[in-house]
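Look at the two complexes coming up: subunit A is in both, with subunit B in one and subunit C in the other.
Then we have the complex of A and B:
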């Protein structure tokens, strides 16, 4: 119901804006038309950088470089031969370039693709870095691109630059391109692929465990962002009809960065608001550089004053509203209407054979974390893995779930060898886990957290989400996934939190949400790392029931690490004990309770009065 | 807090809209007053403002200068010119330092059919194919040829080399045209070496130059790098002479280079306060400048800023009107106009043809040693 309403409102506002653009040349003078063109171009650039930095979390400073590629490709494709012949006065242009000529639209698309291609080339080696290193590396690449353009005189006219580019950029062109990019971006971000991107930003480790191939997703996002940079660069070059390599220095990237920081990192709405605000402000603030007359009093104009005020405003924004105008929120018609509630439907299913760990050894250099671990787990069991601190329990989890590669030995999951596979591949095979310290995707809602889990089973490719009107299957699959995720939340008693940010949930709910997210991948085998950590006796009592219920309802096999012996002894069918990497004991809870080795490991040799220990457990 | 802030902005905005007047000639000035080219842009603006102060009226009408900054940025340059034309309705424009900025602004002016007089934008592409862009300075090919003519004809040097900043359109252009002219006149180019803006160490290039043993090295650098080159050449014991171009025309090079800039020559706009026989315009400019800026020497960039105004004034007077189209036609006819930097005539490509000055550093001071007319 409210979806239809929102769609109608959106269509109406788009039509109104289109009408405005249609009338604009009559209402506005050339100066304002130029600024409106710039706003659209800046918005395209901001959206594309926001996709890379704000949404996927890759700190890239290379945008100007990719803009340069786009601007040059497009300019070289549309410059008339006569103009080309006149301009290469230092060295002659390559003859094949002379008569190369395409329509403007085609040149824009090629410009975008060229930038995307180079973006991908850069991304593949560079995205192995993260954080500040990535920023520095991309900055370096952008500079390399600029220097190459400067030196390829026969192709690019070197430092002299190009001029007389036929000006085709009008409001229809710039805002049309913007509309296409906006539509694709919004569709993509609303699809599950958008969730995946945000998940990668919030917690790479957890995303990996949800079956996401982090590297691939990052390369895709970076490449798409570069497409936008190329397109924006081409439009900008075309708007001012002359380009040269110096135009694409780092300051160009800063300008766009400023827009997305002011608007809000990760918010599409923010990028658009930021583009309007900054483009208009920069021009409008010019009056402070003119002499100002107040009454008979005249203040002389000071050049550069504009930038001082602008910088001050930026500082104010950063101090008082660090997350930018929109934060990570988006515009929605819903803010004008009261909220409606979520609905229900049916449950999930199935499993069969499970895990064999054969002589697994894990070493970090000279340190042995696990020495010869050897056990099998049968379907439908709840198995405990216990041991004192530093016994190697979490290491064992990490080996099984693929974060570490076993130094020796084999791990078979459902009869298939998985030792050495990466976490996302292990996840695809049907295993999922939670983490000792909660690792939710904090900025996403509870529902989105769970749908990230369904990424592994998604049939449609990411690129289809760019054009959901053609590939309508994407929409269907997305809504199916949402329903399933909603069901999961309901089963775990989390439906009331569905649309709240994960980081805002109470502690206990966060723990359960992490399990719900793990279940979202539809695992056959679940690893729980200290599910009772931080719970009071009451809560841990509930947890015992909950774990048993999980096994039964979702037909799971569960391996859990736990320090709360009450939980372990009550829930587990069978227990394995590790001490300093050595597998020292295994048995039913009552056997373990009586095992001397276990008591010694926990309390030290000599403390072997069994009765008193039993009381402890 | 926010409301107060918004109110302050609103009031400020209203104040900014408070000027509007009839019966005045509005001339726009767009120049780089901030950003990386600010130093040059500021000097030119001071020249233009001085001219406006001395000649505040053209044909009996008051002239209003509307000054906008282009932040040494192409997008801003295009915006600035659009603003001057659309919002301030100027009839002509003066500017700018930095050829790429002139190209960005020129495109807008061309479409709006508003004439522009360029100050020191020397790249030949600025006026190429343009109906409305003129300039009061000579262009890079002319200056490159000038340096070549001086080296070969006056100094009798037959073997030359070039050391060029490949990242600068200015340097690349000058280097190429020097080479062409020098070879055409029968000289020999023995080496062409390169560096990048911002480089600090030139010993590799200089060592190679020393082995090639040229008589003179053409160095179309900006003064910051140029001074370092000269210093390092001196340290390496290079015996050849250097000749530079107008971007070396800055008193700072003596401070930066010390003794090693002794004997360095460069071409420049034909004005320098040390000139022996100044033309009357230059004399007036020098005197008036010293009155307004007692702590600052008059300089060539300020001179071209001044000349741009003079040239525009002359055109408006001859046109008898402040209509852009008529000003344009008159600008095209500019002939034998006395300006600070020599007698100015506008040629078919809208560039000024005028004498070129040669300056040499002697005893730590710039000395104007003469003018040269480039052979083509």
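Then we have the complex of A and C:
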């Protein structure tokens, strides 16, 4: 209902804006026309950098380099041969470049693709790096691109740059390109692929464990972002009609960065608002650098003052309003209307299988974390893994779920060898886990956290989400995912939190949400790492019932690490005990309770003679 | 290549490398403690060069006094940057501090344009530093070329002494391991961080002064490229390690000077070498030569 309303409102505003653009050349003077073109171009650039940095969390400082590629490719494709022949004074242009000529639109697309191609080339080696290193490496690549352009005189006319580029960029072109990019971006971000991108930003390890191939997702996002950079650069070159290598210094990247920081990292709406604000401000600030005449007085302009004010503003924004104007929020017509509520539907499938751990050894350099671990787990069981701190329990989990490679030994899951597979592959095979220290995707809602879990079972490819009108399957599948995720939340008693940010949930609910997210991958086998941590006796009592219910309702096999002996003894069918990496005991809860080795491991040698300690279990 | 020319290149590379090393110590100390790339550090270096220019050429102070004043003034600027732009963001996500650092860098550069104007200004080199010494085999050496690495090595030795033999040094090393625990042990963390900024800025000032003497001119954007290259040197040597920063700087100096010396037609690509080196090292040994590994834990 309100979807139709919002659609109508959107269409109306788009038409109104289009009418305005249509009339703009008559109403506005050249100065303002230029600003309006720049706003659209900056918005394209901001959206693409936001995709890389704000949404996917890759700190890239290389945008200017990819803009340069786009600008040069487009300019070289549309300059008339005669003009090219006259412009290359230092060295002649390559003959094959001389006669190359395409229409403007084609040149824009090729510019985008060229930037995307180089972006992908850069991304594949560099995206192994995280955080600041990535920033510096991308900055380095941007500089290298600039230096190459300066030196490849026969192709680029070197430091002289290209002049007299046909001014094809007009309001239709710039805003048209912007509309296409915006539409694709919004569609993508609203699809489950968008959730995946945000999940990668919030917690890479957890995303990997939920079956996401992090590297691939990052390369895709980076490449798409570079396409936007190339397109924006091409449009800008055609607006200004002159380009040279100096134009694409790091300053250019800072401008775009400023736009997305002011607008709000990760918010599409923010990027657009930021583009309006920063573009207009940068133009308006030019007055401080021009002489001002008041009556007969003339105040001389101050060169550099514009950028002083600009950088001060950046510092002030980051210190006092780090989240920018929009934070990660988005504009929605709903803010003008009162809210309505969501609902539910049916259950999830069941399975029946086994895990075999054969002589698994895990070493870090000289340190042995796990020494010869050996056990089988039958379908439908709840198995406990206990041991004192540092016993290697979480290491065992990490080996089984694929975060570590076993140094020796084999792990068979459902009869298939999985030792050495990456976490996302293990997850695909049907295993999922939770974490000792909760690792939810904090900025996403509870519902989105669960749909990230279902990514691994999604059939449609990510690129279809760019064009949901053609690949309508994407929309159908996404809405199915959402319904299933809603069901899961319902079953775990979390439906009231569905649209709240995961980080805002109470502690107990966050623990259950981690389980819901794990269940979203539709596992046959679930690893729970200290589910009772931080719970009071009442809560842990509820948890026991809950774990049993999980097993029965979802037909799961569960392996859990737990320190709360009450929970372990009550819930588990069978228990394995680790001490300093050694598998010291196994048995039913009553056998373990009476096992001397276990008591010694927990309380030190000699303690087993004191019967009073048994009360602890 | 004659022996004379080779020695010239060698000394050149050594002194350029020592300058990179001196700058990169500031990066490595701050990164080791705060995990922050202090983008403004290159501009602090530029301020050092400008202050000595003003002290000695505009206000005609004698060189020794001018150098002392320039170092003091630069150090104060470095401390102010930390106090104003970074300290409020200690609890914020690291990326916020990084953006703030970019803002500060931008601000200092453009403020310098406003105050000092964008025109490059020539620096007068003291004659005593420029009179060539003739060695056997007609090898000529400029005293300045020797002075730079000597000063650099003395300063690094002093810094290492401070870091490993004094209490504030101990506190600084402790902070780089775990800032919260160190705070709990009663160390005024902000003071120690300020000390790191101060020391880094002082060294950058020395580098700036020597740089201004070597390429006798100053201009507002002179800190940009050496700054980024020095950071690369710090990564190369192993971020967080002071000897590593120095080694990284010297290697970078040799790569730049020698590659152009032996392959003159690559001179246009000179500035790209550092970045290329950076990307190679990040891919094959991201911890650098002397760095230690940081693991992601679950």
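The working rule: the second predicted complex is superposed on the first by the 584 of 617 C-alpha atoms of A that agree within 3 Å, B and C clash if a C-alpha of one lies under 4 Å from a C-alpha of the other, contacts with A are read in each partner's own complex, and residues count from 1 in each chain.
Note that in this section contacts are C-beta pairs under 8 Å (C-beta built on N, C-alpha and C of every residue); 3 or more make two chains touch, one makes a residue touch a chain.
Just so it is clear, the structure is predicted and the values come from calculations on it, not from any experiment.
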Check whether A:312 is in contact with subunit B, with subunit C, with both or with neither, and answer first, second, both or neither.
second
Using the superposition on chain A described above, determine whether A:257 touches subunit B (first), subunit C (second), both, or neither.
second
After superposition on the shared chain, which partner residues are touched by A:286: those of subunit B (first), subunit C (second), both, or neither?
first
Is A:151 touching anything from subunit B or subunit C once the two structures are fitted on A? First, second, both or neither.
both
So in the superposed three-chain picture, is A:35 touching just subunit B, just subunit C, both, or none of them (first/second/both/neither)?
first
Let me test your reading of the model: by the given contact rule, A:236 touches which partner, first (subunit B), second (subunit C), both or neither?
first
After the superposition on A, what does A:304 contact: first (subunit B), second (subunit C), both or neither?
both
For A:538, using the defined touch cut-off, is the partner it touches subunit B, subunit C, both, or neither? Pick first, second, both or neither.
neither
Both partners, subunit B and subunit C, contact subunit A at residues 147, 150-151, 251, 303-304, 306-307
Considering the complex alone, what residue numbers of subunit A touch subunit B?
29-32, 34-35, 38, 83, 86-87, 89-90, 147, 150-151, 153, 158-161, 163-164, 167, 236, 239-247, 251, 283-284, 286-290, 292-294, 301, 303-304, 306-307
Which bits of subunit B are touching subunit A when the two form their complex?
12-13, 15-19, 33-34, 38, 42, 66-69, 71, 73-75, 77-79, 82-83, 85-87, 100, 103-104, 107, 111-112, 123-125, 128-129, 166-169, 171-173, 176, 196
So in the complex, which bits of subunit C are touching subunit A?
35-37, 85, 88-89, 92-96, 98-100, 102-104, 106-107, 109-114, 117-118, 220, 224, 228, 231-232, 235, 268-269, 271-272, 274-276, 278-279, 282-283, 286, 296, 298
In the complex, subunit A touches subunit C at residues 59, 125-126, 128-129, 131-133, 135-137, 139-141, 143-144, 147-148, 150-151, 205, 250-251, 254, 257, 261, 302-308, 310-312, 314-315, 318-319, 322, 394, 398, 403, 435-437, 439
